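When the chains are written out, they are named A, B and C in that same order, and each has its own residue count from 1.
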Amino acid sequence: MKKRNKLFLGALLALSLFTAACSRNNKSVTAVGSTALQPLVEEVGYHYQTQTGTTINVQGGGSGTGLSQVSEGAVQIGNSDLFADQKDGIDASKLEDHKVAVVGIAVVANQDIGVKNLSASQLRDIFAGKITNWKQVGGKDQKIVLIHRSQGSGTRFTFEAKIMGKTKVAAGQEQDSNGSVQKIVASTPGAISYLAFAYAQKKDLLKLEIDHVKPTGANVTTNRWKIWSYEHMYVNKKHKTKATEAFLRYIESKKVQQTAIKELGYISMQEMKVKQDSKGQVTAK
Amino acid sequence: MDVKKVDHLAKRIIQVMVGIVAVLLVLIIGYILVTGLPQESIDFLFKPSQAVKAGGGIRDQLWNSIYLLILALLISIPLSLGAGIYLAEYAPDNKLTHFIQTLIEILSSLPSIVVGLFGYLVLVIRFNMGFSILSGALTLTVFNLPLLTSNIENALRSVSDEQREGGLALGLSRWQTIKGILLPRTVPEIITGVVLSSGRIFGEAAALIYTSGQSAPALNYLNWNPLSPESPLNVMRPAETLAVHIWKLNTEGLTIDADIVSAAASAVLILVVLLFNILAHYLGNKLERKLTGGK
Amino acid sequence: MDADIKKRLLSPSKATKQERRGKTVTFITAAFIIVLTFAIIVFIANLGLRTFYKDNVNIWEFLTGTAWNPGEVDSHGHPIAGAAPMIVTSILVTLLSAVIATPFALAIGVYMTEYASKRQRQILRPMIELFTGIPSVVYGFLGLTILVPLMRNTFGGTGFGILPAILVLFFMILPTITSMTVDALKAVPVSFRQAALALGATKWQSIYKIVFRAALPGIFTAIIFGMSRAFGEALAVQMVIGNSILMPENLVSPTSTLTSQLTSQIGNTIMGSVQNDALWSLALILLLMSLFFNVLVRFITKKGKMNGR
C-alpha cells in the first residue's frame, strides 16, 4: 500500500513536470541581461502583464549574459547597457536594436570632500591617478579614493569613453553593482565614483558638477551633460515573436516613455534632441 | 606548571572564548532584528513586493524560499543518504574510494556562482527548463549533495564496529543492520547536516540568480493546480527567493524603501531559519527516540 | 508440494533480496553523485583550459603575472591575464579565517561536549547554526557598515582589505566548523574519557591527549568544509575586500579574491570571448586549489593519526 502510494505520487510528479515543461505558454516574453535595466523592465512589464495577460519574465545576469543568450536564441530579449558591437564576441548583425531609454551618468563623491565642481580635465586627472588629494582641486586635505565599476560594465564603459578618452584609469577598487558603489561612496571619506542618475539620487551622495554643468535630465537631452548612453533591448532577427514585438512597441510608446521611464530616473527617447552611435559620435537628431 | 592549574586554566580559557563568540552572536542577531523588525508591521509578510514603489512586502519571496528548500531537500536527502551509505558501508576501502571522497569534498568548495552558471547553461538552457523553481532546486542539490553525503558517511563511520557485528551476529543482513541499527544511531548527525545545508539554501543568492531567477510573478494562493503559472505549487515558474530579493535590493534595487525592506527581510529570514532549526531538532529528537526505542 | 519447498529453499530469502536491492540502490545514488561531480569538473576544465590552448595565455604567466586585463594584449600579442594577486589573496583569506575560526570552534565544541549543561547546549547549538542561514549579502552589508569604518579608524587607509574579509568569513565558517567538530567530539566513545580519568588524568588532559586525538579526522573534515566555504564565498567578501586586482601589501590594502573577481565579472562578459575564458580559468584554479588543500589536510590527518598511535 505504502509503496503504491509512493509510486503513484512519483508518477503524478513526473507527469505534472512533463506537461508543465511542454505547456510553457507562448504568451510569455523572457528578457535577460543588464541588472541596471532590470527594475525598469520589471515595472513596465508588470503593468503590461495586468493589461494584456502576457507574462513578462525579467532576469538579471549582466549585459554580457543578455547579449550571449539572445544571440543564441535562448531568450527573446537581451537587455544591454552597451551597443552590441561594443562587446567582443557578439555578431551585432544578427540582432535588432531597440533603444528604450537614455541613462545619464552622474559623478558622485563622498559629502565631505569640500568640492562641488570639477573641470573635465581635473576629473580625468583624478581617475588617471595624477591628482590624488582633494586639496589639489580646492577641497579638503583628504586622499582621493577611486571606486570603479567592474570591467565590462556599461556604466564604466560610457564614463571612460566620455571622460578618459585614451587615458588609462589608475587602479582602484572595483564594484560590480550600483548599490555597492552607492554605499561605499556614501561611507568612505574622499571616495569618488560614477552612477546612473536613478541611483545617484540618494541624500548622502554628492553629485558633482562638471564645468559647472549640473547632471540633470534636461542637460542630457541637449548633450550639455556629456556622460550618457542608451539602454538597449536586443531581439534576435531570426527568433522574433509577436508577443516580443508587441511588448517592445508598448515600452517604446509615448505613454510609457512619458510616465514610467521618467519616474524611474531615466530620460525618455522622445525628448532627446541629439543622438549617438556606437562609436560615441553625437549628432543632432 | 601543576596539571590541576592547567586543567583549571584551560577550562577558563574555553569559557572565555565561548563567551566572546556568544556575545558577538547575540550582538549580530540583535543588530539585524533591531534594525529590521520595528520597520514593518505583520502584513509585510502577506503583501507582494514592489519593484519601485515603497511599501512592498515579501509574501511570494518567503513562500518561494520555503518551497525551494523543501524541494531541494526532497531531492538531495535520499540521494545523499544512498551515496553516504554506499561509501561508508559497501564501497571497498581502496584508493578509488578515497579519490571519490576527495572529489565530493572539493565539489563543495566551488563558488556558488560557478554552480549557478553550470545550472544555468545545463538546466535552464540545454534542458530547456527555463528560469524555474525546478532548475533552482536541482542546482541547490548540486551544492547540497557533497556536504550531506560526507556528513552521512562520516556519521556512519563513527558508529563503532561492535554495533555492526552485533547486528550481523543476530543474523541480520547487512542492509537490515544499516536500516535497523546504524541509521537510527546517526539521526542527530544527519539532522545537523540537514540543518546546516538548509541554512545555506535559505541564504543562497548567487547560485539562484541564474537558475530560479530574479522575478516573482504574483501568485494566487487559492490556485492549487500545479500546472497553472500563478499557482504557488507550480515548479516551472520563475521564483525569486528571499535571499535573492535582499541581494537585489542591495545591488541594483531602485525601490525607494530598499534599506527598510532589506533590513526587515533579513530579520524575517533569521527568524525563519531559527524556526526551521528548532523544528528540525525537535523532529530529529523525536525520530531518534522512536527509532532507538527511547533513552 | 516438494517442488514448492525446493523453490522456497533455493530462492533467495527476503532479507537477501532486500540486501541486494539496498546495495543496488545505494550504488546507483553514489554513482549518480560521482557522475555529477565528474560532469562539473569536466565542464569547468573544458571552459577553463581554453584560455591556454585557444587564447594563447602562457600558464606560467597566468599563475605568476600580476596584471589582469584579459581584454587587452601585451607586447607579445598574448592577452594580459596574470592571476597571482587573486590567487595569493584567496589563499591568505582562506587560511587566516580558518586559523582564527578553528580555535574558537574547538573551544565551543569542547565546551558543548565536555562542560556545558544540557540547557546551555540546547541554546548554544541552534544559535550557532542560525548563522549559516544569514545570506552573504547581509554579512557583507554588516561588514561594510560596521567593520570597514572600524578598520579605517584603527589602521587608516580606506578600511577595505583582507582583514575585514577575514572577520566576515570568521562568522560565516564558524558554524560549519563548530557543528561538525561537535559531532566529531561526540563520536568519541565515553569509555575513552573514563579510561583517561581512571588513570588519574585531569579533565583537560583527557580532552587534550585523548578526545582531540581520537576526533582528529572529524575535526579536519570540519576545517576542510569551513575552508571550502571561505574559498567559495563571494558576495560578502566582495563588499569588504575592495576589489582591486593588486598584490596585497598588508592586511588593510584593497585587493581581490578569485571568487569576487569571478562573480563580479562573469555576467559582463560574452561566452567564448577571451575575458570569459579567463574567468573560467579562475574557476578551474579554484577547483585545483581546493583539491590541493584537501589532499594536504588528508595528509596531515594521516600523520596525526600515526603519531597518536
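The working rule: a residue touches a chain if its C-beta (ideal position, glycine included) is under 8 Å from a C-beta of that chain, and two chains touch if they have at least 3 such contacts.
Being a predicted model, the structure only gives us computed values, none of them experimental.
Taken together, the touching pairs cover every possible pairing of the chains.
Look at the CA centroids: the one farthest from the centroid of chain C belongs to A. Per-pair tallies of C-beta contacts place B-C first. Remark: chain B and chain C have CA centroids separated by 16 Å (rounded to whole angstrom). Spacing of chain A relative to chain C, judged by their CA centroids, is 34 angstrom.
Inter-chain centre distance (chain A to chain B, centres taken as mean C-alpha positions): 33 Å. Counting partner chains per residue, chain A has residues 35, 60-61, 65, 176, 180, 183 touching two or more of them. The set of chain B residues touching two or more other chains comprises 250-251. In chain C, the residues that touch at least two other chains are 141, 263, 266.
Of all residues in chain C, only 69, 71, 141, 144-145, 148-149, 152, 158-160, 238-239, 242-246, 254, 256, 263-276 touch chain A in the complex they form. Interface residues of chain A, counted against chain C in their complex, comprise 35, 60-65, 67-68, 87-90, 145, 150-153, 171-176, 180, 183-184, 187-189, 191.
For chain A in complex with chain B, the touching residues are 16-17, 19-21, 23-25, 30, 35-36, 38-40, 42-43, 46, 49, 55, 57-61, 65, 69, 72, 74, 176-180, 183, 198-199, 263-265. Chain B contributes residues 3-4, 6-7, 10-11, 13-15, 17-18, 20-22, 24-25, 28-29, 31-32, 78-83, 85-87, 89-91, 98, 100, 102-115, 117-118, 122, 142, 145-147, 149-151, 154-155, 158, 160, 172-176, 178-179, 188-189, 192, 195-196, 198-200, 202-206, 242-243, 246-247, 250-251, 262, 266, 269-270, 272-274, 276-278, 281 to its touches with chain C in the complex.
Taken together, the chain C residues at the contact with chain B in this complex read 15-16, 18-19, 21-23, 25-30, 32-34, 36-38, 40-41, 43-44, 103-104, 107-108, 110-111, 115, 124-138, 141-142, 171, 174-176, 179-180, 182-184, 187, 189, 202-205, 207-208, 218, 221, 224-225, 227-229, 231-235, 258-259, 262-263, 266, 283, 286-287, 290-291, 293-295, 298.
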